[in-house]
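In what follows, structures are represented as structure tokens.
Here chain A shows up in two complexes: once beside chain B, once beside chain C.
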Partner chain A sequence: MNSIVTSATKLSETQKKKITSALEKKYPEAQISFVVDETTIGGVKITVGSKQIDMTLQAQLLQLQKTLEEEQNGQ
Partner chain B sequence: MDINFLQILFQFINFSVVVGAVSYLLYKPVLKILEERTSRIEEAQKAARETLEEKERINKLEKAVIRSADKKAAEIVDAARQTAKETETAAIVKAKVQAEKEIEKARAGWESEKSQLKQELKSEYITSVVATASKVLAADLDAKKHSALIDSQLTDLLKKI
Partner chain C sequence: MANKVTQSSLSLLKQISKANSTFEIESVGSVEALGDGIITVTGLDDAQAGELIDLGNNQSGLVLNLNKENVGIVAIGSTSHLKAGSTVKRTGQILSVGVSDKIVGRTVNALGEPVDGLGSIETDKMMLLESIAPGVMARQSVSVPLQTGVKAIDAMIPVGRGQRELIIGDRQTGKTAVALGTILNQADQDVICVYVCVGQKGSSLSQTRQILQDRGAMDYTIIVSATASEPASQQFLAPYTGVAIAEYFLAKGRDVLVIYDDLSKHAQAYREVSLLLRRPSGREAYPGDVFYLHSRLLERACRLNKANGGGSITALPIIETQANDVSAYIPTNVISITDGQIYLEADLFNKGMKPAINVGLSVSRVGSAAQTKGMKQVAGTMKLDLAQFRELEAFSQFSSDLDDKTKAILDRGQRVNDVLKQGWDTPLKVEEQIVVIYAAVKGFLEQVKIEAIQEWEQRYLEYIKASGKEVLESIQKEQKVLPETEDALRAHITTFNELNPDLLVLADAE
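And then the complex of A and B:
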């Protein structure tokens, strides 16, 4: 199973170790790779198979936009 | 001058015979003719009176018929006017209702369009604000701040894995 850790800038070794350790514990067979994507603005996104944990600022801003649009549509 | 009484008697008898004969042969037929003529005249007068009376009756009847026809015609004209007035009123009311419906429809359409436009503007505004925020954050977030941000997220992130 492939695991992709995406961030806007390169992660520090400590950060990588913490993430790798947690992923290996939960998914022992996972192949972990770290990717830099500036469009995420900030924060980290982890994709394991079909599961995705998105804590990037891009995702949060998109969520904020969605919430605002839903709120205005409900008015 | 001698009076001949015999001659007088003879003349008297002769006159009487003539009078009798004339009375019998002429007077009675003439009288009968006169009576018949009088009777015809009376009948003719009666017929004339009856004709006049009939004419008078017909005149009265004619006048009554004309009055009745005039009254009936006036009633028909009044009814036609009333019907025309009612039709006109109904048409005006119908036109007003139709116009109000059209106005309401146009207003509803305008309101809908306005609402949609407002919605689109808000949506564009939100998109624009988020895009600007993205740019500001991207510009402001250097490597140090980013590392600090990830450190702050790590605890929560690792719990979610």
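And then the complex of A and C:
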């Protein structure tokens, strides 16, 4: 299964190892590749097949924007 | 000043704290191809048909095709921010529209968002666009009339609350006018009206809205707008949005009238989406499920029984035919789904018969059960009069010599026919219709000049409203014409005719 780990800055080897071992526990056949994407600002985003967990600062800011907009419209 | 700043920053903090900061595993896919509002996505393994997909940038799409390798999504809004490889997410939500009582008087798009520039609409309930129609046990037969205010319809093709009555005809035959006249006539009938505009010109819709506003009809009307400039996906969704809004009021036990203007354009929008999704096409290139498209929509028109609130949704779908061809695919489909049709003809329209209703071809399958007794009393012989008239009319063109009996039938028929003429924006109350039709079918118009019938009607109604109030009140109260009311009415008509000799044929002879 194709897995992509995205981060804003290059991850250190120990960080990579930690993520790899954790991912392999859940998805033994995962082929992991690491990508650097500065627009994510901070944090990591892990995509395995069609499942994704987005823990980047960018995603959190977008979420905040959405919540604030909804609050505005609700009033 | 400083206090104010702290206060606003406090409320901002409160809002920020409401933001969800937990991380959840999401289901994502990546765009493989996109064009013409159709997006093919790989991934999204667990997406469900009919589910909403978050396309990013506050835009969403609707899953219509599920394949092994990919998912076919139709974009509801703009796709300009997407490119091949973009990520899209499942939302786990099914398309729905937020509704509250405040939506009355507003113009919204197919997603329920206001497009009239009057600010956002507070919502208190989300209504599903695709919901299952009420079952057999929740229903009750049609028993209350929906007054259209059009003499020809209320007398001969009566529509009941909860009925589905098709308005069909060529372009420019007054289909929308009949529907609009019906909305205008609901002013004091406690009916909420939903006007769904599908694929119409923006200019026509703005004109329609202006008329409704000027006549005060927007106080009880909601417009769902998907004009020709909106994407096909919104035109396809708009009728379902309309009925979802109607169901909100149905649940409160209200009577609702929904007008779909028109379902031909709706079928065409769905055909466009289906062809772009590469679904197999059938007759006239419409997809195989185009019948179900309309049947599931119109099946949601209903009259609920007391236990379920007793509300109703009446549907007046409109179909535009090409060159009077009612046997084309979509017209035959919708004719077979509905409980009758009002057939408008270009020939009649050009002859000056407005509304251009062909009474012979128009039927109402359930409405007569809902007609008031008073209307039944006077309109009973009307259809026969007209049928005889039409039969003889064609025949009489060949011979100039007619016996007196034929001549009498022709005279009567001509006058009954003329009395059905009516301006679309002048709907009449039931009791007014009854007193006019009574005069026509009982032969009181025989002495009136044919060309003066319209004027006669106008002056006669003014006269009755002024000096025959008790007759109108009695008919309205009793819902029928009592014998003593009938005598009074006869006297009134005779007096009126005597007072207005300029309208009569006799005046010429003397």
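Going forward, the second predicted complex is superposed on the first by the 75 of 75 C-alpha atoms of A that agree within 3 Å, B and C clash if a C-alpha of one lies under 4 Å from a C-alpha of the other, contacts with A are read in each partner's own complex, and residues count from 1 in each chain.
The working rule: a contact is a pair of C-beta atoms (placed from the backbone, for glycine too) under 8 Å apart; a residue touches a chain by one contact, two chains touch by 3 or more.
Values in this document were obtained by computation on a predicted structure and should not be read as measured data.
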Touching partner for A:Met55 - first (chain B), second (chain C), both, neither: both
Which of chain B and chain C A:Thr47 touches, first, second, both or neither: second
Residue contacts with chain A in the superposition, chain B compared against chain C: B
Which of chain B and chain C A:Ser12 touches, first, second, both or neither: first
Overlap of chain C and chain B interfaces on chain A (superposed complexes): 53, 55, 64, 68, 73
Touching residues on chain C, where the partner in the complex is chain A: 15-16, 18-21, 23-29, 43-46, 87, 89, 120, 122
Complex interface listing, chain B residues touching chain A: 119, 122-123, 126-127, 130, 133-134, 137-138, 141, 143, 145-147, 149-151, 153-154, 156-158, 160-161
Chain A residues within the chain C interface of the complex: 47, 49-55, 60, 63-64, 67-68, 71, 73-74
Residue ranges of chain A touching chain B (in the complex, touch as defined): 7-9, 11-12, 15, 18-19, 22-23, 26, 38, 41-44, 46, 48, 53, 55, 57-58, 61-62, 64-65, 68-69, 72-73
